[in-house]
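Each structure below is given as structure tokens.
Two complexes, one shared chain (subunit A), two partners (subunit B, subunit C).
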Partner chain A sequence: MAASAAQVQARVDLTEARIAALSAPSGEAGWAVEARREATARLRAAGLPTRRDEYWKYTDPATLTQAEATRASLFEASGEVPLYSGIDRLKIVFVDGVFDAAQSDDLTGEGLEVDRLSEALKKDIHWARDLYGVLETRGQDPVLRPLAALNTAFATDGVVIRATGKVSKPVSFVYLHQDESSDAILHHLVRVEPGAEVTVLENGPAAARFNKCMEIDVADGGAFHHVRAQGRDHERRAVTHMFARVGEGATYKSFSLTANGVLTRNEHVIEIAGDDAVAHVAGAAMGDGASGAFHHDDTVFITHDAQRCESRQVFKKVLRNGAEGVFQGKILVKPGAQKTDGYQISQALLLDEDSSFQAKPELEIYADDVQCSHGSTTGALDETALYYLRSRGVPRAEATDLLVLAFLAEAIEEIEDERLRGDIHTRLEQWLERRRQA
Partner chain B sequence: MTALDTEIREGVERETVEAVKALGGKYKYGWHSDIEMDFAPKGVNEDIVRLISEKNGEPEWMTDWRLQAFKRWKQMDEPDWAMVNYPPIDYQDQYYYAKPKSMREKPKSLDEVDPELLRTYEKLGIPLKEQMILAGVEAGEEGGTEPRRVAVDAVFDSVSVGTTFQAELEKAGVIFCSMSEAIQKHPDLVKKYLGSVVPITDNFFATLNSAVFSDGSFVYVPPGVRCPMELSTYFRINAENTGQFERTLIIADKGSYVSYLEGCTAPQRDTHQLHAAVVELIVLEDAEIKYSTVQNWYPGDENGKGGIYNFVTKRADCRGDRSKVMWTQVETGSAITWKYPSCILRGDDSQGEFYSIAIANNAQQADTGTKMIHLGKRTKSRIVSKGISAGRAQNTYRGLVSMHPKAKDSRNYTQCDSLLIGDKCGAHTVPYIEVKNNSSRVEHEATTSKVDDDQLFYCRSRGMDEEEAVALVVNGFCREVLQALPMEFAMEAQQLVAISLEGSVG
Partner chain C sequence: MLEIKNLQVKLEEEDKQILKGVDLTVEAGKVHAIMGPNGSGKSTLSYVLSGRDGYEVTGGTATLDGDDLLDMEPEERAAAGLFLAFQYPVEIPGVGNMTFLRTALNAQRKARGEDEVSAGDFLKLVRAKAKELQIDADMLKRPVNVGFSGGEKKRNEILQMALLEPRMCILDETDSGLDVDAMKLVAEGVNALRSEGRGFLVITHYQRLLDHIKPDVVHIMADGRIIKSGGPELALEVEENGYADILGEVA
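And then the complex of A and B:
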């Protein structure tokens, strides 16, 4: 249905108001200025999203697109050991979206080149030139992602990482939230050279409103692992984009854990470009609407454009007290992408009457020799299982948590690294226990 | 089916082979009859709407209803969200009304119907004459000794040319007649129910239909009556450049049951023809409607030249508690199919089922599926969709399962499987799942794969040629849906499956 003139104008106004609230960075190299200019043009051409857009049918982007961020109070997780603290890692800290050198480690590592984005964009010659905004642009077709274009145009900080060999320890982004009305736009680049391997960790709420974009280019035979825990600040809002290109025989694996947050929209746009490549995306979300609201949206678009590739999407959500879960997943198999193996599962456990789950698991297939499947289920906790546990003397609340953990485990299993997997699992256990005792 | 011409193999019944052979190589219903027609002038405007209404001898309220729809239609945009591509349709370059001249004076009985018309239906295998039906198809082996009888309403281009078995149905209290007749004879029923499931504001094609529909079938089954025979409508587009817009309204009153079959064909023409039908089903307490369709409109030639644009709105409203609807469709024809038979499960414990086979070969495009809207408590729905793509065709399943907060303890199971034959076609799945309460369970599964090489190899090692083997495998793939069809429809559908895929292998 064509939009009315008033609707078209409203979108222009919305977009211009947002742009007006942002300032263009200065002192950047010519190519960076050009990349920013093109991104702004993309943003203006598309206009910021509204609920009327098909791609935002289940998630209202209003608070993500309005000119100013809505205030979000800080969350005190007293006595909680920060995630990944037992793991040797290269720590890079951002406070409300600003790089904090004092809290961060030196930006060096074996098999690794790290730069601040702002530095990279100032240099006339830098590898970042071939990546900044490039995968984001490719990801605009066939579905427009204006919030990502906005990110490329106005990102204020971020890090560019180039893995040249097997990176010995994970690069860990820690996002601290200290200002109740912070509005952060971060853009990271990751380039994995042929045969190289890197793990990127992320955790923390980052800001009251967080718009993050990561462009990842995994060259032939390379491997990229990503484990993320999105902060538990109840009132935070986030929209994140992961744009990846996966080369021949390369691996891309990403896992996200989300507990709380008023609004989270995580998008993955993955292009499998080389033969025999693998892309896995997984997510576990645990939402409680009692602490305000909880709306969690996983939007995944995987394009198979090569032969004998495998993709997996595993998304699990546990929702209570009016929490809302959304899954929009798509597998696109292009002509000639024979022997594709595509799998997708999205499941929601609704713990009470008020919670809801909406899913749109799509397949679009133009090659015949493929195996693609998707499944989606929604329902309540299995009363029989609960009854069994209770008959063994486990109290109801504990039994519920046990079943919740078991339900989420399938997604957590997708994390390849044992220590990280254990860390995430333990964390989830602790959260459930704290909740039970509260 | 080249092999059929040569020899008949062991294990394959001669009869089956001959039946398939008889169904012929290419599109079997591609001929057209030379029948003198009355056309309304090309294009659509208020005068045309009035003219159609006048030709049907409609009362003023009906004319106003149409005009209201037309007014609305002029403000609407053609939907573009479906995965189908076609050049823009010039809605002013179509005839909206075509009527065989011999029908100018409505014949009082079938004996007065133009023999050329009857020959057309005879050629299509539609036994319009009651005697022919009496000689009709035997029921299945265990299905009792009574021959199965089917009452037929035949629609030729814009008008219904005859409805059989009316007298016998009347005895049971069942009203089965053309829509135009119903408007005149049963205005209260029509007024009460027409547009109550698919309102005139519903969507572009349905609204156009509301304005210009020329005829269609009307069924009313009174409380507690089990319709003594299957009812059927046969649609035939004959005239060139003519859109067919029929309207079907079926009301199953409390505790009644009716099974309704619908078949369609059209002649082979170079130009595309528009078909925009609306079907409304109203199911009251404890009633059940089974609605089966074998859609075999002309699909166009190998290069996508010609063929029917099939833009259909079908919806059932399960108003009463414990009411039940079953949609079964075999979609093999049409250049473009845009069709989503839906169920509104309003009554508590109501049930909706949707079984579909959609085959797209050559340049065909199909975007079809269903909507199950659960509003009542303990409502159940089941969706089984089998999509088969071959040649350069695109086949999309698009569906919605919605569980409203009040639809406690409801249940949905969805299975959509796609089969690809050849590497130039596409198979797509676009399901929407919306669950707003936790006591309901929703399960959705979808798979896409190609015809299994092992199965093909097995069949071929038993002496079948590749096309036969593919047809067999595909029929197996569709089994669950074929089983949901009434017996003789299932037979026809099975043959259609084989024919539709002809030339898709190798």
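And then the complex of A and C:
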């Protein structure tokens, strides 16, 4: 559909209004200034997205693109043990999108180089220069991701990590939200050197509005593990991009837990570039519209550009009281990417008739010796199973929760580390229990 | 203990009367058996008593120790001491058998105002009971009934019964799909639970289960009613002559 002149102008106005409210930090190195300038040009050329764009058909980006962030009240998690508390980790704290040195650990670790993004962009760190905005740029084709370009152009903080060996402790980003109208733009870089391994944890709502971009370059034989939980603030909005390039024999595994949040759009753009590589992306989302609107969108684009690689997408959503779920998942198998093994499943459990799930699974295959499968289901609770549990004395609400946890189990099983898996599972149980008592 | 008076039940979705006035009383300490041809309403009776959706009670009463069963939620009936061993035990992928058993036991105890059983005590308890029924550790770890053979599913039902210690047990065609050895094992499990304070209602097509679980009273059900009651000899009569004679006799 051709856009009218008025629509074209409206997009330009929207984009310029947003740009006018932002400024890139000063004093950066020439390469960084150049990267910012190019990203701004990409943003202007694309224009910010609107509901009219095919890629935003199921999720309205208006509150993500408007000049100012919509206020989001703070969530009081009284007396709760924060996630990952029992796990020895390198803690890096951001408050409303600003690095907080006092609450963070020293930025050092075994097999690890860590720096603040703002510092890295002032220096001539060649690996950072080769990564900042680079994977994001590659990820603009064939689908434009203007909110990611905006991030590269205007990110104010973040961390750059270079794993040079097997990093003993996970690097843990803790995103605190303390200002009701905060608007945070963070950009992280992760370079995993050949044979190195690192785990990155994320948790917390971050801000009233959060735009986060992570570019991850996993060199041959390297491994990147990622587990995230997006906080429990009901009114926060988030758009996140994970851009990854996975080298020969390398591993990329990511899991996200989302409970609450008026709007979440999580994008993964993964390029499998080396033979025998593995990329797994999983997510569990639980939304209850009764405690504020809930809209969750997982958008995944995995490109197979090498032989004998495996990719998996496992996304599960439990929705009730008008909660909305979206899944857009694509597997692109390029010519020559023989023996590709691609799997994709997206499932929603709708606990009532007010909730909805939209799924757009896509396969595009240009090699002839591949194995790709995808499935998507939307269903209600299994009444027979519910009756069986109740006939054994388990009350309806508790029985429902057991079945909900069982439904989400397949996604949670994707977390390799047992302690992290246990932590996420406990978090889910607690969330369900609170709902039950509410 | 279990008292059913003139119970009339139709399907919720269609205008089909299944039970047309069932009268039945099971006393504590007794084993009653219900036999009858296909479609006589035996399984419907068990579902209605346990509270399954899809049925509408159009008349009559069912009480457990004087409490109106039909007014309770399925979980309340369970907590009150009613247990149905399913003809087709339900598979629940993703829910571990141990988790299921412990959740059920503790939910019932909680409903009765009793303390929950600790994880350690539960483990000891379940291991002891499982051993008697030759249920191995693997079956306890797997998701509820998933990948279980017919015999394993039925043994798992009896394990639940042994753990929950209900006062009124209904066994719906527990012998279906079992070979002789499995049936003996299941029957032994049931017999071990027979006691003064506990009543049983055993629903079956065939006499053979009743060779192992000796009933005190046998009822013949046909077309939604109990048409004849008697001692264990009634089951033998059915075995020899089929239902035709009895049905003819009553008509």
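Following the convention adopted for this analysis, the second predicted complex is superposed on the first by the 436 of 438 C-alpha atoms of A that agree within 3 Å, B and C clash if a C-alpha of one lies under 4 Å from a C-alpha of the other, contacts with A are read in each partner's own complex, and residues count from 1 in each chain.
Just so it is clear, contacts are C-beta pairs under 8 Å (C-beta built on N, C-alpha and C of every residue); 3 or more make two chains touch, one makes a residue touch a chain.
This one's a predicted model, so the numbers in the text were calculated from it and none came from an experiment.
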- [ ] Specify the outcome, clash or fit, for subunit B and subunit C once both structures are aligned onto subunit A.
- [x] fit
TODO: Return first, second, both or neither, reflecting whether A:Glu364 touches subunit B, subunit C, both chains, or no partner chain.
DONE: first
TODO: Give one of first, second, both or neither to describe whether A:Gly336 is in contact with subunit B, with subunit C, with both, or with none.
DONE: first
Open item on the list: Looking at A:Tyr388, would you say it contacts subunit B, subunit C, both, or neither? Reply first, second, both or neither.
Closed with: second
Open item on the list: After the superposition on A, what does A:Asp276 contact: first (subunit B), second (subunit C), both or neither?
Closed with: neither
Open item on the list: Quick check on the superposed pair: does A:Leu350 touch subunit B, subunit C, both, or neither? Answer first, second, both or neither.
Closed with: first
Task: More subunit A residues in contact [subunit B versus subunit C] - done: B
TODO: Tell me which partner A:Ser373 touches in the superposition: subunit B (first), subunit C (second), both or neither.
DONE: first
Task: Lowest inter-chain C-alpha distance for subunit C and subunit B in the superposed arrangement, angstrom - done: 14
Task: Contacts on subunit A seen with subunit B and repeated with subunit C across the two complexes - done: none
- [ ] Can you check the complex and tell me which residues of subunit A touch subunit B?
- [x] 1-2, 54, 58, 335-336, 338, 348, 350-353, 355-380
- [ ] Under the touch definition given earlier, write down the residues of subunit B that touch subunit A in their complex.
- [x] 77, 79, 81, 403, 405, 408, 418, 420-450
Open item on the list: Going by the contact rule set out above, which residues of subunit C touch subunit A in the complex?
Closed with: 50-53, 73-75, 77-79, 84, 86, 89-95, 99-100, 103-105, 107-108, 111, 143, 160, 164
- [ ] Spell out the part of subunit A that touches subunit C in their complex, as residue ranges.
- [x] 382-385, 387-396, 398-399, 402-403, 405-407, 409-410
